[in-house]
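Two complexes come next, and they have one chain in common, subunit A, joined by subunit B in the first and subunit C in the second.
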Partner chain A sequence: MSDRSTPPRPNLAMRRATRALKTLGFWALVVFVVLFSVFPFYYAILTSLESGSALFEVNYLPTSLDVSNYVSVLTKGPFPLNFLNSVLVAVAVVAISLFLAVTAAFALSRVRFRGRGLLLLTILSVSMFPQIAVLAGLFEMVRAFDLYNSLGSLILSYMIFTLPFTVWVLTTFMRDMPAELEEAAIVDGATPFQIVWKVFLPLLWPAMVTTGLLAFIQAWNEFLFALTFVASNETRTVPVAIAMLSGSSGQEVPWGEIMAASVVVTAPLVVMVLVFQRKIVAGLTAGGVKG
Partner chain B sequence: MARLTLEKLGKRYGRVQALSDIDLAIETGEFVVFVGPSGCGKSTLLRCIAGLEEISEGELAFDGERVNELTPAERGVAMVFQSYALYPHMTVYENMAFGLRLAKAGKGAVEERVREAARMLQLEPLLDRLPRQLSGGQRQRVAIGRAIVRDPRVFLFDEPLSNLDAALRVQTRIEIAGLHERMAETTMIYVTHDQVEAMTLADRIVVLRDGRVEQVGAPMELYHHPANTFVARFIGSPSMNLLAAEPTDAGVQVKGFAPTPLTAPPGARGLSLGVRPENLRLAEDGETPFYEGDASLVEKLGESQLVYFDMGAEAEPLVARLPGALPAKKGDRMRLATDPEALRLFDDAGQAVRAG
Partner chain C sequence: MTDRAKDGGGPPAPRTPPGRSRLRAQRLRSAALFLLPMLAVLAFVAGWPLFRTIWFSLTDASLSDLPGAQWYGLKNYLEWFDYGDGDGEWFGLLASADWWNAVWNTVRFALVTVSVETVLGMAIALVLNQEFAGRGWVRAAVLIPWAIPTIVSARMWGWMLNDQFGVINDLGMTLGLIDRPVAWIASSDTAMIAVMLVDIWKTTPFMALLILAGLQMIPRDIYEAAKIDGVNPVKVFWKVTLPLVAPALIVATIFRGLDALRVFDIVYVLTPNNDETTTMSVLAYQNLFQFDKFAYGSAASTMLFLTIALITIGYIRVARLDLEGSGK
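Presenting the complex of A and B:
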């Protein structure tokens, strides 16, 4: 008792100092990470607001607020149409992936059948092939389905990388649902579809939002398939359209417009992540906690 | 509202035979309790009746109609699960209304039934809460409410009280007994491994062991006339003393004990004599004691005390439940007596030998 009531002073001061140092270190790291990850985007915004020769001067603070790049990107050429295509493709990919994944996850997690583990591994291994390896095969498929140069080709081909992880993640989540919950619903007279729809789905929301968002981002940013399966300007999606933006003369790269277009296509993603932020965090942690 | 008949019912999980040859008839409105040690198949049998588990062999009939192939909803069963299994994203009201809505009951009818069940279980102030905003006891009542609103033909409970603390368990047990009284027409089946629950709630108890029925009967019948040593040991706490006995000229006798007036069938061997701890008392002066020995352990329980007597290295100690006021302590020499009517005799297969 007695020696605890008189704490040695220098020890306390030192502890304070280390704590301050730790806080400082923490924030220094935060600043570094933020700078590192945000700088490219920040620089794109800066550049998108400049024009003419200002583009080629290196500066780190805004010097001008010239929106002409945005105006030209959004008014001339097929860019608005490309943007719409991207929205269409990404939304369709997310919707179809989630629907198929939820139903598949139900079967893979709640129905006992032979070869279930093997099937699950096969599904996951599909996502391990590099895109370029499946390009030729997919091209044949797209042709066979008569989808060449249509948005359908992209929706079909993007499933190849969105489905494995949506199925996998949702299966993991669904497996963690207590069996008695399903049985209670069965006793209440629910069909398998009603069980998925009315009992599991509301509980899977966080996981669905998270995987859906990741699928959206992948579909939104995909370049190689979009370049290969679509040939005309009107059916292109944004990543390819940006790469194909050309200046007034063939020699000139329109950096300002490219940057303006990039900012325009990134903005929806940022907004979406911010909107769903809380759900995403819940989705990333919910699996480990019993409700 | 249904009479259940189980005929040669069996359940296999691959090579594991979880249930075999279950023959049982449960009357309309009866409260039947399945008891038995862990892993004996109580839950499996209940789930077979519910329709959550496929029946491998035999037949299950409700009111004489085979229901093996029907879904739980088609059978008209309702079940209360051990973990309550409430839908976490639905309010108490929606939880109770879920089954009715799936059955396409009209809005007014749903409202009326849910309100009525809520009133019965004092859940009215909680109808808008989510399950996670309820205490364990309240969740339990919602789970019961969810089962009641569907007005089931058979009401099933799988260890519904095991997640509650002792005080709440007693209270809920009394509530369930009240529920059975109010729903006199509804057949109820209740799984537990708690003897007190079984004895207090049951019209009839079914004792299971290794997937087979050991005995079916009213609680007091099982207590007084166990069909075999397994039931004798399982029902009653502390359990019945079983002593190796031999037939003698004077009657069946346990070594070191006074002879009893029981007679064994001719040629009987490996007999056990059963006597409940509460049927042993101190011998009066002048009375020939049934047993005389030194107490090896005394457990004071308040209103009574358990006194143990060493029966040698192999055998279990003899236990006597004596009045709490008695000044007994370890090492005391005691003379015990019993009434001949309280003695039970079992043969070498453990089966009761009737009225010998």
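Presenting the complex of A and C:
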């Protein structure tokens, strides 16, 4: 192949044609990638705006703008409550993990002590735990503390994946900061807590936003614990509520409403992703942990 | 970091001025204080529950009577039941066909999805690594599947793969790929394909971004040099790009693989109660909370944990992770 790729006198027209073909192929690939990523969500929006028999005719472009699915999802049933529950749980989980992680990350990245590597390794391996491995033990604990069927059970259990993740990412961010930052503060007699609070925190905001966002998405999307520790319709979070949405007769699946609920749940995340995409990519690659 | 902080955690050197060692002691004390709450929470929500799960797997615990659990040895895992006439049978998790079916489903799922995601992710990363108008928008579009909750993607695809009204059957028939509608989710031949498809759609972007980060670390001059020398782009990919991006690729593959082994949400929502797709996590969950075999389900959870733990330890050994960040 390679010996033919540099003929002595390439025909100019030929070369132009191949270049045009290459560009065309490249853009075809780009279009395919975008369609592949976006189409299912687009189709969910289409479906959510249809009702009655229109629902059961396949179409690729919007044909109706019927908001009745949204109205019924947002007014009938516990869905608004479920949404509120999800917001509450995710915000609490993010706040607690960030608070615990900032100081821990300082200790792990700026202070040298014996066993630090092992400690980091342990924290990393906790984030690799299969959730199912702690499910039985957590279930016992949740019942023992009388947290069953309460949001507290979720805030507690979500720490298992948000905390290692935030500690890990913040440690990577803090490690790369120059030592001079601290030295001046140490000379001025600042305590380690003041160093974290006054020196690092103001510089860490971008990293905190990224990490908090990723932890928020993880908590928002979690399913297994939410399915196990919460039993009543009013206390559920949205992923479980959407998984459980089914028709009254049990035979007719309310696809329009399911898609409307799905769009409502996903829209905030999609907006976040579009706004913060650079930060998210940076956080994902720094954490390198999981989706 | 300053010199005094670099001299490790051993006893302070004799010549250190008293002020310095006092400072260092203070630093170590506050480090311990800073770490304690985080470690306590982790021990509380991860360590202790894991220990209890393993303990339950060695008892006869039932969902309705957890405190009354009695020691049962390894019988949840494997037990020889003697019929008394020299004949007998093996029982327990490791002798159960359902368990091995779940193991096979999980392994099959992990192998196929991770391979496809790696190849597709690489292709997307190569596209995104080019400079073109609207690249930021394409990258944002690629992130959308990643941000959509797994449950939502499972339901979205459940609707798209619907046998009567689904858009996939319509599309396939219009393009002439299939000649009659396929019951993707209900039929046992295609249920696993449907599950894999959803996972691939959802997770390829994550792979692509990790690989892209690796690609962007490769200095541009290498490509310039190859271009001037007139090296075939395919050759450049195999000889330059792939070896250089390999470390990032391996890390991404391992993390994805471990993630794929614990798959639960997609299977549970897209294809409930289907033997063809039941994975280890789903089987454990069913035994714990639906079949009232809490101890047996704990045994299944423990086995999955051990599998993942072994792979993780093996990986850490082989990769010798740079935890101190000193190799930079």
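Things worth noting here:
Criterion: the second predicted complex is superposed on the first by the 244 of 291 C-alpha atoms of A that agree within 3 Å, B and C clash if a C-alpha of one lies under 4 Å from a C-alpha of the other, contacts with A are read in each partner's own complex, and residues count from 1 in each chain.
Note that contacts are C-beta pairs under 8 Å (C-beta built on N, C-alpha and C of every residue); 3 or more make two chains touch, one makes a residue touch a chain.
In this text the structure is predicted, and so the values were computed from the model without any measurement.
In the superposition on chain A, contact of A:I186 is made with both subunit B and subunit C.
In the superposition on chain A, A:S157 contacts subunit C only, with no contact to subunit B. Ranking subunit B and subunit C by residues of subunit A touched puts C first.
Of the two partner chains, subunit B is the only one touched by A:V199; subunit C is not. Annotation: subunit A residues 183, 186, 291 touch subunit B in one complex and subunit C in the other.
Of all the residues in subunit A, the ones that touch subunit C in their complex are 1-2, 5-6, 26, 29-30, 33-34, 36-38, 40-41, 43-44, 47, 55-58, 60, 100-101, 103-104, 106-117, 119-121, 123-126, 128-141, 143, 156-157, 159-160, 163-164, 167, 172, 175, 179, 183, 186, 191-193, 196, 217, 220-221, 223-224, 227-228, 238-240, 242-243, 255, 258-259, 262, 265-266, 269-270, 272-274, 277, 280-281, 284-285, 288-291. Here subunit B touches subunit A in the complex through residues 50-52, 71-73, 77-79, 81-83, 85-89, 98-99, 102-103, 132, 146, 150, going by the rule given at the top. Of all the residues in subunit C, the ones that touch subunit A in their complex are 1-2, 5-6, 8-10, 23, 26-28, 30-32, 34-35, 37-39, 41-42, 45-46, 48-53, 56, 66, 123-124, 127, 130, 132, 136, 138-157, 159-160, 162, 164-167, 170, 201-203, 205-206, 209-210, 213, 230-232, 234-235, 251-252, 255, 258-259, 261-262, 264-265, 268-269, 280-281, 284-285, 288-289, 294, 297-298, 301-302, 304-305, 308-309, 312, 316, 321, 323-325.
Chain contact summary for the complex, subunit A toward subunit B: residues 178, 180-181, 183-190, 194, 198-199, 202-203, 291.
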